[in-house]
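What follows is a group of structures, each given as structure tokens.
You will see subunit A twice below: alongside subunit B first, and alongside subunit C after that.
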Partner chain A sequence: MNSIILTEDEKDVLQELMNVAYGNATAVIAEMLDAFASLSIPNIKVMQVSELMERFNQLKDSSYFFSTQAFMGEFNGESAFFIDEESANNLAKHLELESIEDLDDAILELTNVLTSSLTTRLAQEMDTEVSFALPSISKVPLNEIANVDTFLQYSQVIVIDTDLNFEDQMIHGKIFILTKDESIQWLRERIHTILEALI
Partner chain B sequence: MAQRTNTYDIRSIDIDKKIISSIDNGIIILDDELHIYYLNKWLAIHTGLKEDSVLGKKLDAVFHNIKTKTLTRKIKTALRMKTPTFYTANTSKYLIPIKINQLKISNYEYMQQDVSIIPFDEEKRLVALIITDQTNMANTNALLEANIKKVNELNAELIRDRKTIDNKVLLIKLDSEFMIRDISQAQLRLLGYAKSELLDHNYFLFERLHINKTLKEQICQHAKENKVFNFEQKTLTKDGKELWMSNTLVPEYDSYGKELGYILFRNDITDAKELQKHQEKLLSNSRSSAMGEMVSMIAHQWRQPLSLINTLVATLKIKHELDLLDTQTMYKSLNKMEQTVNYLSETIDDFRNFFKPNKVITEVKLAMIFEKSTALLDDEIKQQSITYIQTIDEEIKISTYQNELIQSIITILKNSVDAFKENPTQKQYITTTVKQERTHLSIFIEDNAGGIKPEILQRIFEPYFSTKSKNGTGLGLYMCKTIIEDHLKGKITVTSQDGTTQTLIELPLSL
Partner chain C sequence: MKYLVTDDSKLARLSLVKSLKTHVQDAEIFQATNGAEAVEIVKEHKPDIVFLDLTMPVMDGYEALPKILEAYPNAKIVVISADIQEKAKEKVIALGAQLHVQKPINADKMQDILDIL
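Entry: the complex of A and B
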């Protein structure tokens, strides 16, 4: 597949859409955890999978938990969420969890909330729907990230990454929204429709 | 048209209800305070609860295991996001406790569940909980995890073994074109190279100084036929030290039987080669010293015939001067002289042959071996009044290196003869007996020349050890042992008691 390069205009539109989606996600998470949350401005980049794996590997050293969730529809892909051990413990404390199983569940919940609120809103903006009918949240041991087949099936990905911060509770995470090859093409077409409507 | 739509709508509701009551999933409708609004047939059957008895009750009051706070949070999040939230069997095991009553083997007492919490009615704050039985999947996962654990353990063991091999075994992996594709740390250490210096280099090019054309052809031929091949070669370390390697070339296949190339297992045999060289040098030294001894034996052998020739010549001279020499007497004397000279010449040939190492194994009669060995000692035996008794079946044969065997027997017999010089006794004897067994033969030589003291007996096979007052090099018996055990694949033992010495040589009937 030829390398896709997003033009400045395309990037601007996507950035704008993402900002709206992130605003929505921040509000939902704040409500869910009953705490003040902030999300950094999303960073959008098209990259080769090898480059992405490299970034995962760097995060791996400092992360405790890594989870993924697939989303389906015309706009489809996968999200990958990293959270360090201290943040995970703080999350457990904040949610007054009783056991380690509950912590796993809470992190998956956080992953789901981030993925759902981000992608649903983004999909709405682009006049489509995403589905989460089948739960596909999974916990992946950090040392096996490199073997996650679904990542290796991509050739290129649009990576939208942002940092999640609950300053008071000292909870920090990093989420990547990855879209598949054919979805990148769909996304571009949709962005063009939006661009044309703007002119 | 309107009627048809109406009919369609009614059927649609019936279909939904039917599906919901017969679907293989549990469905509950709750509000955000966990009050139960609906329970489908599947859930009623699996939990044994009647819908009527639980409607309006709170779910956490019916099932006490449910964590109210978590479920409430998930419901509120789903309603807020307008997208589902989940419980997964992987982390949460189950929400509604349903005992597994089937006979099939399961790792779980309760049904493992995935639960999707779907926003149902935002105004009334209702959600639908859809429960999916994931017990089979959880069992499969548990089995998979157990197997993964086992595989990981085996893998760790393999890695350990591989590390040991890498550190201890001299090994070079070659591809089918003899390019070096891997090399063990042990081999790298010995050669003094870094792996990167040897990888992707041609093995024959690397060893070009020590693998000649013939050896290369042999290696390639065996490799081509996928046969194991053993060979020895010299090799150079990075700092120029010469080493001897013994190699075994083995074809290597992948798990599908596809040929990957070859593995060269190596052994450092430099020390063994040094020892061999040292022994060869000793062997050569012993030959020279034995030759010295033999010259004195020749002198003994020649004294008698030379004096015979001398006498014949003197007789001829006198008869000629007195004019008494007739033709018949002259020819008779000349014939006798010719015979004697021939005998002298044969003696020389015999000596020369004995000290020429054999390269070929020949089948020979044992009696002949002893005839040749004793011929050179005959005179000395007679001079010292030694009785020599030999019991050898004429038919006993052996396939061996005969000159080496003759040299050993001469050394042993000469030792006996010399021992009598130091220890003259009455009724001096040397006996030789040869017995043939099924696979080997035993040569038994005994003398009564005073025997050997125990402290000396245990050292007689050491090189440069001698008790002889003169002309002893201390190499005779050492070489006997080396020849008999290493070259002739036999065994030699010496015992001594009551003034007698017994030497037993056991030899295979053929090499």
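Entry: the complex of A and C
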């Protein structure tokens, strides 16, 4: 498949839909953690997986917990949530967790709630439905992240990345939504339908 | 009546303007893409109602809100945001906004907003 270039209008629509979806998901997480999160503007880019791996490598030098959750439907792909070790420890402190197992469980639950509410709302804004696979969690040194199977199935992806930022608790995370070629085409058609309805 | 629609997203501005025009005829509608532009437009045109997004580049809604009221205290500010956390709502009301409404806006929601104002 040829490289896809999103127009400014297409990016704008996707960014705004993501903004609405992320606001919704953040409110759910904020309530769950009893904390206030600041929202950032999502970045939208179509990229090759090799470029995505570089992006992951730039995140930080320390180990990250990362968890992923696949979603299926007309709009399908995978969401990935990254939280660095310091933030994970701060999360454990904030939730008064006592063991590493509890922390893994908390990150899984956080991922589940965050990515499923985010993707569900995003799908809802695009007038479609998605279903989910169970999230999985790994703790991977970043120099090994390129070997993670889950990302290698993609060739070209739309990457929507945004930050989860609880400043007072010093908990910061990064969320990526990855969609594959066929879903990108579907997404573009949907975006055009949304735009045409407004003009 | 004069209205100012402030959002960095063209989609959000288009949809808000369309909803507004459903209910208001002969409206003078200005548009800004960030808080700093909004403050300048408020100084020059003194809009009666300002629709203000929160998460924007250059100057966000939290920073722009008091500056808008300082420039034109009679402006009624309606925050239109995806940030629906209770603390975000409390914060903008404390800063002087009349309303906090969840995105996206459609004609029904706009009717409710105009009724309240």
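In the analysis below, the second predicted complex is superposed on the first by the 185 of 199 C-alpha atoms of A that agree within 3 Å, B and C clash if a C-alpha of one lies under 4 Å from a C-alpha of the other, contacts with A are read in each partner's own complex, and residues count from 1 in each chain.
Simple rule for what comes next: contacts are C-beta pairs under 8 Å (C-beta built on N, C-alpha and C of every residue); 3 or more make two chains touch, one makes a residue touch a chain.
On a predicted model such as this, the values are computed, not experimentally measured, just so you know.
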Considering only touches as defined above, state whether A:Ser116 meets subunit B (first), subunit C (second), both or neither.
-> first
Between subunit B (first) and subunit C (second), which does A:Met32 come into contact with in this model arrangement: first, second, both, or neither?
-> first
Given the touch rule stated above, what does A:Ile175 touch, subunit B (first), subunit C (second), both, or neither?
-> neither
Have a look at where A:Leu198 lands relative to subunit B and subunit C in the superposition and call it first, second, both or neither.
-> second
Is A:Val157 touching the first partner subunit B, the second partner subunit C, both, or neither of them?
-> neither
Kindly classify A:Leu91 by the partners it touches after superposition: subunit B alone (first), subunit C alone (second), both, or neither?
-> neither
Taking the contacts subunit A makes with subunit B in one complex and with subunit C in the other, which residues are shared?
-> 31
Per the touch rule above, subunit A residues touching subunit C in the complex are 9, 12-13, 15-17, 19-24, 26-27, 30-31, 36-37, 39-41, 125, 194-195, 198-199
Sort out for me which residues of subunit B touch subunit A in the complex.
-> 67, 69-70, 73-74, 76-77, 80-88, 90-93, 114, 116
Residues of subunit A defined as touching subunit B within the complex | 28, 31-32, 95-96, 98, 101-102, 104-105, 108-109, 112-113, 116-117, 120, 132-133, 135, 137-139
Any idea which subunit C residues touch subunit A in the complex?
-> 8-12, 14-15, 18, 54-57, 81-85, 87-88, 102-104
